[in-house]
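Order of writing sets the labels: A, B, C and D. Residues in every chain begin at 1.
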Amino acid sequence: MKKNTAILLIHCPDTPGIIAEISNFITVNKGNIVYLDQYVDHDNNAFFMRVEWDITSFLIPKERIGEYFNTLYAQKYAMEFRLYFAEQKPRMCIFVSKMSHCLYDMLARWSAGEWNVDIPLIISNHEDLRPIAEKFGIAYHVFPVTPENKAAQEAAELELMRKNGVTFIVLARYMQVISDDFIKAYPDRIINIHHSFLPAFVGAKPYHQAFDRGVKIIGATSHYVTSELDAGPIIEQDVARITHKDSVESIIGKGKDLEKIVLSRAVVKHIDRKVMVFKNKTIVFE
Amino acid sequence: MKKNTAILLIHCPDTPGIIAEISNFITVNKGNIVYLDQYVDHDNNAFFMRVEWDITSFLIPKERIGEYFNTLYAQKYAMEFRLYFAEQKPRMCIFVSKMSHCLYDMLARWSAGEWNVDIPLIISNHEDLRPIAEKFGIAYHVFPVTPENKAAQEAAELELMRKNGVTFIVLARYMQVISDDFIKAYPDRIINIHHSFLPAFVGAKPYHQAFDRGVKIIGATSHYVTSELDAGPIIEQDVARITHKDSVESIIGKGKDLEKIVLSRAVVKHIDRKVMVFKNKTIVFE
Amino acid sequence: MKKNTAILLIHCPDTPGIIAEISNFITVNKGNIVYLDQYVDHDNNAFFMRVEWDITSFLIPKERIGEYFNTLYAQKYAMEFRLYFAEQKPRMCIFVSKMSHCLYDMLARWSAGEWNVDIPLIISNHEDLRPIAEKFGIAYHVFPVTPENKAAQEAAELELMRKNGVTFIVLARYMQVISDDFIKAYPDRIINIHHSFLPAFVGAKPYHQAFDRGVKIIGATSHYVTSELDAGPIIEQDVARITHKDSVESIIGKGKDLEKIVLSRAVVKHIDRKVMVFKNKTIVFE
Amino acid sequence: MKKNTAILLIHCPDTPGIIAEISNFITVNKGNIVYLDQYVDHDNNAFFMRVEWDITSFLIPKERIGEYFNTLYAQKYAMEFRLYFAEQKPRMCIFVSKMSHCLYDMLARWSAGEWNVDIPLIISNHEDLRPIAEKFGIAYHVFPVTPENKAAQEAAELELMRKNGVTFIVLARYMQVISDDFIKAYPDRIINIHHSFLPAFVGAKPYHQAFDRGVKIIGATSHYVTSELDAGPIIEQDVARITHKDSVESIIGKGKDLEKIVLSRAVVKHIDRKVMVFKNKTIVFE
């Protein structure tokens, strides 16, 4: 079912009347609102809104909507806004290392037509998962990383993604810390899955840490990557129960199921343009 | 923290511009919107909205808001609406039989000041829980029910509640089926807790039914009471895991924890005027 | 990590001393118990046990263990028992129709080496998922089913499975009711996924039923197939929260995630020989 | 339903034959095993077992069972063991400060006869909750704590508990750090509820920390108190979902429901003698 909608994500200081004015703007120009949700962060006096409307009969031409909105409202209210159209698919690059469960889960969804996204390429630091990429007919590029070549390889990766029009990145258990320069090229556009209930068990081997601490519940966390390790804005988390009978191995097994579900939930929220970032936290619209 | 707010619950056919118009009405009259959420049921072309605003500086006097709103909008849009003020507490009557867990949970919350509600009386068909009512200083009335006296007892209960200004009823494991006449006196205002994951295990002894069926998860359901047994609009549900090791007794134990949490969640939603009913389903605002 | 273990599943009337005698049998013959769990159904005076032990130094030859156990204990205690060896993998046949999510999830796990199972073939009543089978190098056989040819097609399917040494069957959203004769060929060995929280919403279109009823939680149930529709012994269930905002389509989307996880959890329990069936209920060892 | 059972908790180095020998000991002496579960920590070669048997016809007199078991098995296998009788209720002292939700939840369960425990006294550093103690007819003692008088007050508390035969302590949101000397008097016998998903958000104001970090799930953790703050063996944890819409206040509200359920689950496990501690982790039998 193709949707002919525009999606507007708005952020500005909270002022009375914004909702009225924007919904009025859409309605009088013959747009039909199919989704409207808003959130006010009273502590920071900040207003957030996501509105999606059918533009089939919209009086303002599609390519001018952004300009009109900017002139009429954004400047007046000191807004930051992003405008998307449902028919323009985001383009996702997946980074992997050796584990396949998250990759399979995303490719199965994409392949079944569940996700409104293009996947032009998969990047890895290892050859291992090339057969999976080939099963799904997606280009697979290997960039082995060493301390010496890291900067050069990242530059090559960025160039390759630029050529492929990549709009966001998913680190699907990619076992390399990426540099600040790389992160700056895709701000709030790199989604990672960390295999713990953050902020517990930051860093390496979180399942081993969980086992050692004797927790009764493990978790997984998907978040946007920032320069501080495992400290970026959290998009989605979930948990699973364990007992004293669980070994590190069985925890890893249960954790894999968590990781793929949590990562896929976060990715589809990003694909559907339902996530906003503010002060290192996310607003995730339903 | 006392809130000086008005709460408006609106239901009407979906028409473009309603959100704009209502939020504008509040804003131009110097009301400050603290909460706005809406929902469109596209299948039924039905619009639902809950808006709450601070009326401290509102230009329209409190006692006239309903009249103004009716004149200006309700007639125009064929709306049904309900108007509440946060400072006017709903008045709850609790019906119990012999089990105390739900009663304790609600009284503990009320006693700690968590709930914006008055509890003028508790009604039961048994003497058993009178000591609990006395602990909390609430009037406790016993109406033993037999097939012969049922109509008369229900009439007496209704009269007692009328005198006490009761606005809604909670059946906290009250083990009597109530009559249609009784239900009609409090439409969408009688909350029951059924100890199963409805619509599974309707009727008597649902935990025994669950045990016999060998389910791996049990549930509890709070719903508004309608004339069809256990078939009214569902407000809240939750579940708990069981295994083959669980006996009927241990299932009942786990179920009690579910029941009290699920019932209390439903009741506080009703107290906060966050539930609307449409076509035997609920809209539950956050 | 290859395990050289024997697995014994025992069921008999409960009698004092069974645990002592069996654990003694294993120990004195130099077996090392790596897992022992038992369960007594007091209502039915029935005893169940799963014991797994390392047979590397076991004094009784592998091929004689069953005979010895039968002679020494099974007859004495009126036991039913099943004996497995971890190195003998069960052989699974997957039945599918048009939906791919459960199939992908299982093949991804198998392909990553997580499951100790062989998958010699996939059977379908449609061509649609053949490309997925081919991606994973598994034979894909199509048996279109009509009321007229059903008996013949099922016979052909059974013959094909017999030739391939299939030991159990998984119905991964296979949209055909299978016949009693077919079921009898694999008693307690056909695992189905039903997309509801059974016993709620038996039969067709359970998500539509859930939407119409207005439940706040949906579920999925994996169970062994018996001649009564959706009424077989339940192996695993799980649930997900929905709200009034969910459409039938979004419920189906959330449901798919449930279905694949619940089905895979049930299948791996079967693969690991951790499920016993008694009086239409399951004992599922950890 | 009074149970006439003995409960044996055993811990020793793992050796083949222990289960056989102990279950044999019980059976030949005409005890009827009603519960047996065991766990082997392979990393530490440590064996743990909980066995409960009916002693109505047991040949060894109740008061000699410990001695016999020690002579016949404990010395042979280098066991530590604890022997309890179901009819001897543990005696619990509850420590509170100003918040009532956990206290109410426990007293409601105790009052309804759900828990096999005596509650001879409640201790607090504030007067606030005295009315609740009086409602339930339990002695309430106030020990205001300052840095100067802390050692003396703790000594007085210990003396009071000694006189009342207290066997374990529950800190039900008691807002004082207790000293090492106090902890040593009740090793693995002081249960605390911490209002976070430990090890995340150790220390003060964990809900504020959770809000600031932007987590999507909050938790509560009950654990035995050790000298390191919030780092003792975890008995039980649970979580609840939050969104960006939750304020610190609404998080605190949701958290209270978690806290009382998690604490009560941990306490009943302790009451039923189902928890063992080893290397700062718990084994929690079902």
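Definition applied: a contact is a pair of C-beta atoms (placed from the backbone, for glycine too) under 8 Å apart; a residue touches a chain by one contact, two chains touch by 3 or more.
All of these numbers come straight from a predicted model, not from anything done at the bench.
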Weigh C-D against A-D on C-beta contact pairs and write down the one with more. A-D
Average the CA atoms of each chain to get its centre, and name the chain whose centre is farthest from that of chain B. C
What is the distance in Å between the mean C-alpha positions of chain A and chain D? 42
Measuring centre to centre with CA averages, how many angstrom lie between chain C and chain D? 38
Any chance you could list the residues of chain D touching two or more other chains? 243, 245
Listed in rising order, chain B residues that touch chain C in their complex are 39, 42, 197-201, 213-217, 219, 233-239, 243-245, 247, 280-284
Residue ranges of chain A touching chain B (in the complex, touch as defined): 16-17, 19-21, 23-24, 27, 32-34, 36-38, 40
Residue positions on chain C within touch of chain A in the complex are 99-101, 104-105, 108-109, 111-112, 114, 135-136, 243, 245, 253, 256-257, 261, 264, 286
